[in-house]
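Note that subunit A is present in both complexes that follow, paired respectively with subunit B and with subunit C.
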Partner chain A sequence: MTGRALVRGGLLLAVLAAVVVLPLWVNRTQPYYLQLSINVLIFATLALSWDILARTGQLSLAHAAFYGLGAYTSVLLTTRAGLPIVAGMAAGAVVAVVAAVLLGVLTLRLRGIYFAIATLAFSETLRVITNQVRFTGAATGLVAPPLLGGHRPSQYLVILTILLALTLVSWWVNRSRWHFAFTAIRANEEVAAVMGVDVVRFKVLAFAISALFAGITGAFYAHVFLFISPLEAYSLAVSVGALVAPIFGGLYTTAGPLVGAVVLRAGEEVLRSTVQRGYPIIYGFLLAAVILYMPGGLAGVWASLAARIPRPARRGARGEPAGS
Partner chain B sequence: MGPTDRVLLRVERLRAGYGRVQVLWDVDLHVDRGEIVCLVGANGAGKTTLLRAITGVIPPRGAVAFEGSRIDARGTAAIARLGIAHVPEGRQLFPGMTVREHLELGAAFVPGAWDHRGETLERVYTLFPRLRERERQAAGTMSGGEQQMLAVARSLMARPKMLLVDEPSLGLAPVLVQAVFAALREINRQGVTILLVEQNVRQTLLMAQRGYVLENGRIVLEGPGPALLANDHVKAAYLGL
Partner chain C sequence: MSLLVLDTLTKSFGGLSAVDDLSLAVRAGEIFALIGPNGAGKSTTFNLISGLLAPDRGRIFFDGADITRTPPHSRAHLGVGRTFQLMQPFHAMTVRENVMVGELFGHTVLKSLPAARRDAEEICESVGLGHLLDRGVTALGLADLKRLEIARALATHPRLLLLDEVMAGLTPTEARQAVASIQGIRARGVTILLIDHVMSSVRDLAERVAVLNFGRKIAEGTFETVAHDPAVIEAYLGQDEADGSH
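Presenting the complex of A and B:
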């Protein structure tokens, strides 16, 4: 191991220790921050899972659909069929994956804005149907049983575990041969196929992974906030938030969507408490400024800063894909 | 050796097009193992379409057989994994990816190629020393000639039995065209069969063992390279003589 790798590993461990311990420690005096941390991690999970799908060039507006499907499946199974919450959450993830595979196959040939509109239609259709059907509580919504008896610190560790699992998956995708497949498909599907990449398989797989984490996060959200309604669970704000954070933080990376989500949600909270009126206007301006003047997002700024600091030549191991 | 052993790629009564527009009309051609065969013709004759139909990028009608087995109903990725590498028109590199990443991608999804990538990489770098120098450089920042070499090199990383090359001379200065053609000859000498599509008729026919002339989606002439060069129609239509 080189010194650099040691420093990196140490930093990673420190961050990990901080995210496990800090919110739980602060919770003893100020429970508000633990609640905020849970919100941030939900947002980060949505952002990073959205980004994995985007790496195949599929810019989806259906993330709320998987989030909502996860939430509704879990709540219906736990309240109407009496399933334990863990089983409900797992079922929520499975239903989201099945829906994603179907949607993925249907939208295989669509590109860019056409793909985005089709996914938006899918999500909105689910919302409208859920809004009408009495079995799903219609517009009134459903009350959900609490996860782990409503014990906030335990709930925090659950969403942290989900996010860590997703982070590992994302990191692996960008380190393995999948990274080549995803990047090639995003750039040009025909050329990717000519290189032997099974385009359909990878596009649908990306959809499934993305929906798995959105679905389980939706179920988690339901059992933490104890109430779901079509307007909230299938909210367009969920889909838009999931794509804004990666753009803000840096698309197609693991750190970008995570940092983007944390900065955006924490920043929103700070603005909300300091600016009494019209904080969304300032929030919107800041967002627009970043997207206009920092095309690579926060990760792009980081990379160009790092490039200015001289350091010894890279010694990438032979045969190992470069980049993050 | 029987006929199926000698012939690597056989195309029979191939028809293909885009939507209702038919481009290719009953094209017959074959490429023997170890050959360089070229396909020449004017812009819009259907040369690129023919390559795309062979590798399934567009659906072909008629028969395409590789090593004696039909491949016309197979998907593009499956065909690539059988050992046919297609160097598409206009190079089609991926912006932002480095030279090294392109080469690794070329080997990543073909069985066997990934395990031998270190060895293949050495071979490819020996063939194109410039690419070794530019290993860490983004492909988009290289010259046209270097990009064309990278496009060919990326395909070689799959350790193909056959290379389909679409207009490698496109947009290159004459000296670079020479370099690319020399590389193709060397690749062929190392045992890779080549089907080359070109508008650069003279040089291509000089290099190829056999050639086909495609006009309006039909093969109008075929024969050994020198014989086609001497043909009056070829002289008048393509060489301006």
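Presenting the complex of A and C:
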């Protein structure tokens, strides 16, 4: 037992050291890879924060809304009100949370596809409004001041910190009483309520946490790429990407969305550089194959592999017949 | 002393009244049965009591307090527990985890995960699920699913337990076990309101019975008195369901 824990702890430290050091080291010769790493981490943050909401059974298509709100709030406050970027990013997160709580309360009674469509409508409405209003730069978009003077390695550490914080939150959620509330609500809201779970509270809380990280990531994106437009900040591709990675990697887990995001974005990059023309077709086929033939995603494959490795000295007798 | 009082409760769905002017008082510590033909409004009554539906008119009192507008999770905290006729286990959870939800959220005592886990295991043992703790719910048979419904409701530490057809589909042996199990729950001080079609079990369990037909209460009393009530016989015969003794 302690052996396994040691191995796991060692592995975790090694991964952590690698994600901190490698991109910074590579940056000295190949700055492009640091840029790519930042993209991957933005994608991973969106994927994992989307998954936290999904754990309550709310399959949202509004992740771009929170991302865009974070981006626009921060850029507007820093350029028009002269706020420091850190304050702008924090405000972006707050505005995203407020919007999420409102949307969460409005969509409480909606399930499944109706919920998804309502959240999509919310996101698209924000995009259309931003596209029309002159104060937000309309269709032209806005220029954003650079985070940390545009120093890429520092920016990388910022998004890495955000993702690590989110990872901790996700990990905690999945091993606390929240996990039981979320999973019960996802299975059957009425039964969960009758068993004492405050369904409204947990659904709205999940919305708030999810939007907090989407909002701050949107703000980060704005101050790293230095330009935002309605089409990009409120892009449907953001919402869809945020749900594809968890499905690909393994829903309702911490590792699944992270691994899914990294593999998808890195894989896309490898395909782009090797196959070049027509790579999205291969990408699409691979994605479809995984979703069709691996219902648990990559995490599901991992779990079934791990189950085949015999584990001696497992704690506690389970009393289950073998092979059941 | 009445633990649950329904005062002129009315609920209709699109002009069709499911529960019509229903008044009822369940005394603390008794086993009370709600019977009647299909569509008589029994399950709707349970949904009104547990808070999944709001009545159009009338009020609900629990332990003297008006809970008509209280949300379902707060009613659970006050001590209203229930099972579902169509078993609704939480998928992606084991038997133990299903019961833990009740231990964690079903009452106002804040329990740690290990404590909830231990208490859930104890409840599973008591209803005969002790050997299935780690089993996923999709692998359970009907009788075990019914036991799981009861275990989950018990995990919320109810003062009033609403049992919605926990006998339906059980073999005679299983039904006898269930009767004993329900008597055991009452012996621990839990008041029980049950819906059932298995009349032998109702006769064995219930001190008092109310008969519903088309949402209205047509009789109330001991099993013997209502069984001989002409209105009750009429209601069952009218439905071609005169098998009041299987």
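Here, the second predicted complex is superposed on the first by the 312 of 324 C-alpha atoms of A that agree within 3 Å, B and C clash if a C-alpha of one lies under 4 Å from a C-alpha of the other, contacts with A are read in each partner's own complex, and residues count from 1 in each chain.
What we mean here is this: a contact is a pair of C-beta atoms (placed from the backbone, for glycine too) under 8 Å apart; a residue touches a chain by one contact, two chains touch by 3 or more.
Everything quoted here is computed from the prediction, not taken from an experiment.
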A:G196 touches, of subunit B and subunit C: first, second, both or neither? both
Partner chain(s) touched by A:R177 [first = subunit B, second = subunit C, both, neither]: both
Touched partner set for A:A187, first subunit B, second subunit C, both or neither: both
Touching partner for A:I247 - first (subunit B), second (subunit C), both, neither: neither
Touched partner set for A:L147, first subunit B, second subunit C, both or neither: neither
Which of subunit B and subunit C A:I52 touches, first, second, both or neither: neither
Subunit B and subunit C footprints on subunit A, overlapping residues: 177, 180-181, 183-184, 187-188, 190-191, 193-199, 318-319
Residue ranges of subunit A touching subunit C (in the complex, touch as defined): 176-177, 180-181, 183-184, 186-188, 190-200, 252, 318-320, 324
Residues of subunit A touching subunit B in the complex: 177, 180-181, 183-184, 187-188, 190-191, 193-199, 314, 318-319, 321-323
Residues of subunit C that touch subunit A when the two form their complex: 50-52, 71-73, 76-77, 81-82, 84, 88-93, 97, 100-102, 104-107, 113, 116, 131, 133-135, 139, 152-153, 155-156
Interface residues, subunit B side, partner subunit A - complex: 55, 57, 75-77, 80-81, 85-86, 88, 92, 94-95, 97-98, 100-101, 104-106, 108-110, 114, 117-118, 136, 154, 158
